[in-house]
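Quick heads-up: structures coming right below.
Next come two complexes, and both contain chain A; in the first it sits with chain B, in the second with chain C.
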Partner chain A sequence: MNALAQANPWSAVPIGEHLFLFSPLIVLLCTMLAIVTCPIILGRGTRPVLAIASLGVIVAMIFAVQVAGEVPYGGTSGFSPGQDAGMLIADSLSSGFQIILLIFMSGVMWLWWIGSSESERNAPEFFILLLGSALGMLLMVSTTNVLMIVAGFELASLPSYALVGFDKRDRAGAEASLKYMIFGAVCAAVMLYGISLIYGIVGSFSFPVIAAYIQENLIFSGDRLVLIIALACFMVGIAFKIAAVPCHFWCPDAFEGAKVEVTTWLSVASKAAGLLLLARLVMLLCSAVPHDKVMFVLRALAWGIGIMAAVTCTVGNWCAYKQTSVKRLLAYSSIAHAGYMMMAAAVFIHPGVAGHQAGLTALLVYVIIYLFMNLGAFGVTAMVVWETGNDRIESFTGLMRRAPWLAVPMVICLMSLVGLPPLAGFLGKWWILLALGSFEVVHGGSQWYSFKTLGWSLVIITVLNTLLSLYYYMRVVVRMTLHDDGQPVVRASIRGLMLVNACAALLLVMFFLAGPLKEIAGRCAEGLYNPGAALSPATQPVATVGGEIE
Partner chain B sequence: MLSVTTTAISIVPLTAATAAAPAYGGANIELVLGITLFVLTGFALAFVGLSVGRIARPRQDHPEKGAPYECGEPAIGDSWVQFDLRFYTVALVFIVFDVEVALLWPWAVVFKEIGAPAFWAFLVFFLLIAIPFLYEWKSGYLDWVRACTGQHRESLLDGAGEGGD
Partner chain C sequence: MMSIGLTEYLVVAAVLFGAGIFTMITKRNAIGILIGVELVLNSANVNLVAFDRYLERCRIDGQILALVVIVLAAAEAAIAVGICINLYKNLATVDVDTAAKLRG
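Up next is the complex of A and B:
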């Protein structure tokens, strides 16, 4: 540790500099408190709550942009209770995720404003839960401490369960909520079991310390098997958040039962938080392991994540085939996309900065693009559901005549989800494929289990899956454009049309702004693969902050 | 046990002397005095609390209150009964205060070492607990008879004064 920490062992007590680094989180918390006081002082109206929540999100976003400019480029800052790594850390990745998530949240709030603000009588509760789950997701991504990861995980999960069953009178929602909660509780329990094993072996909650322990002891130690089981259990929790394949069963039911706004929120936010957490942990593991000595550990890790990703996207695409509910179809599509994004995580394990850079940048670009694709697709679905009362695929028949300003953005979003070239979805997939292919360049090898084999198998699986997915996305498009059974015109509010058309336009524009997009994503990713910062987040951080105090 | 005594004593104005003492145990009269005061205060708190409650609260007799084991459901009989959903209010209040007390404990142990920041930190935490509690109170989630509506609710309210069924 450095001078500051030695002089004051209670560096856990935050000072102004620290508070500034975490100001977006604090602003969100204060917004939640303000909304809680709203029913006490102003009554249960929707307008004041919506105003406070919007103000809170805007202020948090301003702070997040400020912090993003302040965090050391490619480094980490944080404060910790005198241990090895920050309890909370702020780096370019966490700041970038804050901005992405807040943009997405304003989209979801906009959707809620159109669809539910007039009929909803429990607005304060809805926004407290929404902001609470956002806070949990942000905490998950801005820590390397396992205890804090669990706290963030639960803070993100518990409000989500309640959000899914938010309408008490809706039976489908209640059932979905119960399924989601039971599944989540079991996954969290398995994850906690894994953490207890890790703590029993390593004696620390700090993930850099755990990674260093694995580096020293994994090969010859007797508790290697226990450690592997513990890491696998830990992975169950993350897989639940991402909805990756053995832990994906909650996803279709929860998405179908929940209100469309909530479905939109869960489909992107929960997955993105889980994926970025996975990215951070995998990066810490890789940077701690000396590559020549324990190559097989890295290879096993890469194969594990790679196989999980391949199975996830294949299962997601196969199950989406026969769906008749568009929400459910998009739920399975989101499972498939989680698989594509996890493939990028398999690339991180790639020895050398080139692999880290390619994989992380591809993942972040994909998350940003995926946000707008899903917001657009779910936005159109929401508008159709509000008008026709259900989300069967038949309700979309002839949408091109009934509401051309809904049908066109829907086609654009769906084609972008497939990954067709003039749209941004193509960029995400293209860079992931490039990263997978680059396995060969940096680390060749002729054995069947080499990184090269893994990379090219994943490339083939991704391409085949894209072909599969084309069919079921096309089914919706064909229904909208080529069929018509004379259903009445869909009247959508101008605010809704603005949202979905803006998303579709962005998808078109982003394709032509590929360079800047990649640069932004690369900048966010830098915080993770910068070698010094990843090995010992605590040394740089407190020194950076401490230097300014003295 | 050591931590118990130090924490307790820091409340009474003997703190400085006790902290300066080289070791606990032996013939340390101030320590004994501190423990005695602690025990006496404990008893006094319980006594004062119960007697003030007895004087202040309205008296409503009910046969259930005389039962040897009172848990809100018939104590004898089949256990496959529909459990009263309203017990969630009890759970809510319990969570609020249990969490607070559970976190107050480690805070109290290290309070002397950290000093003022710990005080402010806990004040913030207390605020985070208190405001939602006010919200629960104001929204009526703590009322026992809230779950019933209309006529049923009125009959229940009337029946409460007569001693129930």
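Up next is the complex of A and C:
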């Protein structure tokens, strides 16, 4: 257990191969340092900062694609002081997420370039905060060590609080950042208390070790109750990141008060990081031999996550009904979508479960599609906000006449958020439903609380929620197309039109490229880092496929 | 003479945790809520260090996390106070109930 004291201290020095695997993170860090020094050398102008940040993101992207090709099947762990799993890991999931996040970040930077680059006086600070939170999100997904999860979690959260309140003269922004920060601080503190209890029981911060301990001792151990409380406290932190009910209260306020670019960034990036972290932890927790005695633990976990997901998407859709602010409406819609994605994490419960692989694949496909849907919808909202000065739903009235090149992509993105074919949003929902429908354990039994019941009830809840959500998305569409109160024409910049129309076109194209999309996500979803899997023959991969993503 | 063992430390930590949660729930002042957060963070620290001292299976990792938590608490306090000052400039109060422009 006491790895640090026994190990040769030099073994903790990273070797070149490991440094290469984590090169996208290192590049982002260097970009942050370059931006810190930029005001001293090149002045506080927007252009040099934007140039350095774009260069950094492009270089990080090149490295990320290289790493995705090189990363070994089953992942590798680096920076390890002993026999335990290392502080950082690189596997197909983490390198896939790096590429997704970097693509999304370039979209957000593009949006910032259109809207804020002329008026913004604090560009270096903005980019340091943005890159810092991106780094934290990447760290959250590329680790199995609880200490590193805490560090990544806080590195992702702290810059986000400042980003939400970035405009100092904005009252709504100040209030939103206060609420976000207080909520985040409370959830992080509760999570740390849970972690301290887990540490006392298990004696390690390595999540595979914790998972193995839980597998062996949960049934007969005397500290079962403490362990369950500790895990629940830990879950509070992750639920805050995902904005899952009951930790979702920050989400609409922070999204409404923040600048549109920041809202776009938080709506996809922080949720995706939290969801993939949850999926990884669930996978590690359940990856040992499928004993009959631990089956009830798995069942409790699946039901817990499943019910949380169902409540999250229902509450999100329900509250979106009466919203009059489009940013707030999209915030509640993002809560609902986080609920759908969490359902996929509930299916991703055990290697002995049918649909286990399909669960994570569906989650990743959904994240990729959701990225473009939200980038498009928020992009149009941003341009309307910059033109009219507010994000009330009335500002969208007659948009089809006022700016057809904004209205058409908005309709496409909203219909894709509903999940109507022939748009990519349909694919994401379809594969999640498919994974839920095939959710079954080989010897699962046929009681009312079996996995099959859970899967099918989640299917029904998802379909009902989709019908519910149709109404409030349609309300915006009807406002844009059928109503017209003679508001002036919206003049959008050509760069902005390029962004939103590209997103809309991609949503159409991706529907017809369903096969390749699923294959890419499937590559990312298999061969995850899992030291426990090596012990049990049940979880060995059937066919060895290379881990590359190109 | 009574010796102090692990249980006493855990009780202190649990009391701190409870006091912190109580503070967060009852206080309306943003700074007050942050003090509650600090109490909870420090209860985690007491736990971690006590486990390292008394349990054979825990040796040094807990103390490392305790140091990390101290640094995180400082960083969080810096950002939190910055945000509170910003709110005070805009609203002339740090009462979380007054800051209720965004709702629904």
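Just so we're on the same page, the second predicted complex is superposed on the first by the 499 of 550 C-alpha atoms of A that agree within 3 Å, B and C clash if a C-alpha of one lies under 4 Å from a C-alpha of the other, contacts with A are read in each partner's own complex, and residues count from 1 in each chain.
One rule holds in what follows: a residue touches a chain if its C-beta (ideal position, glycine included) is under 8 Å from a C-beta of that chain, and two chains touch if they have at least 3 such contacts.
What you see is a predicted model; the values in this text were computed from it and never measured.
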{"item": "Partner chain(s) touched by A:P404 [first = chain B, second = chain C, both, neither]", "value": "neither"}
{"item": "First (chain B), second (chain C), both or neither touched by A:P516", "value": "neither"}
{"item": "Which superposed partner A:L33 touches (first chain B, second chain C, both, neither)", "value": "first"}
{"item": "Partner chain in contact with A:P422 - chain B first, chain C second, else both or neither", "value": "neither"}
{"item": "Comparison of chain B and chain C by chain A residues contacted", "value": "C"}
{"item": "Contacts of A:Y161 with chain B and chain C, given as first, second, both or neither", "value": "second"}
{"item": "Chain B versus chain C as contact partner of A:G200, first or second or both or neither", "value": "second"}
{"item": "Residues of chain B touching chain A in the complex", "value": "113-114, 117-118, 121, 127-128, 131-132, 134-135, 138-139"}
{"item": "Partner chain C, residues of chain A touching it in the complex", "value": "1-2, 4-5, 146-147, 150-151, 154, 158, 161-162, 165, 168-172, 174-179, 181-182, 185-186, 188-190, 192-193, 195-197, 199-200, 202-205, 252-253, 256-257, 319, 322-325, 328"}
{"item": "Residue ranges of chain C in contact with chain A within the complex", "value": "10, 13, 17, 20-21, 24, 30, 33-34, 36-37, 40-41, 43-45, 47-48, 51, 55, 57-62, 64-65, 68-69, 72, 75-76, 79-80, 82-84, 86-87, 89-91, 96, 99-104"}
{"item": "Sites on chain A touched by chain B in the complex", "value": "10, 13, 33, 36-37, 39-40"}
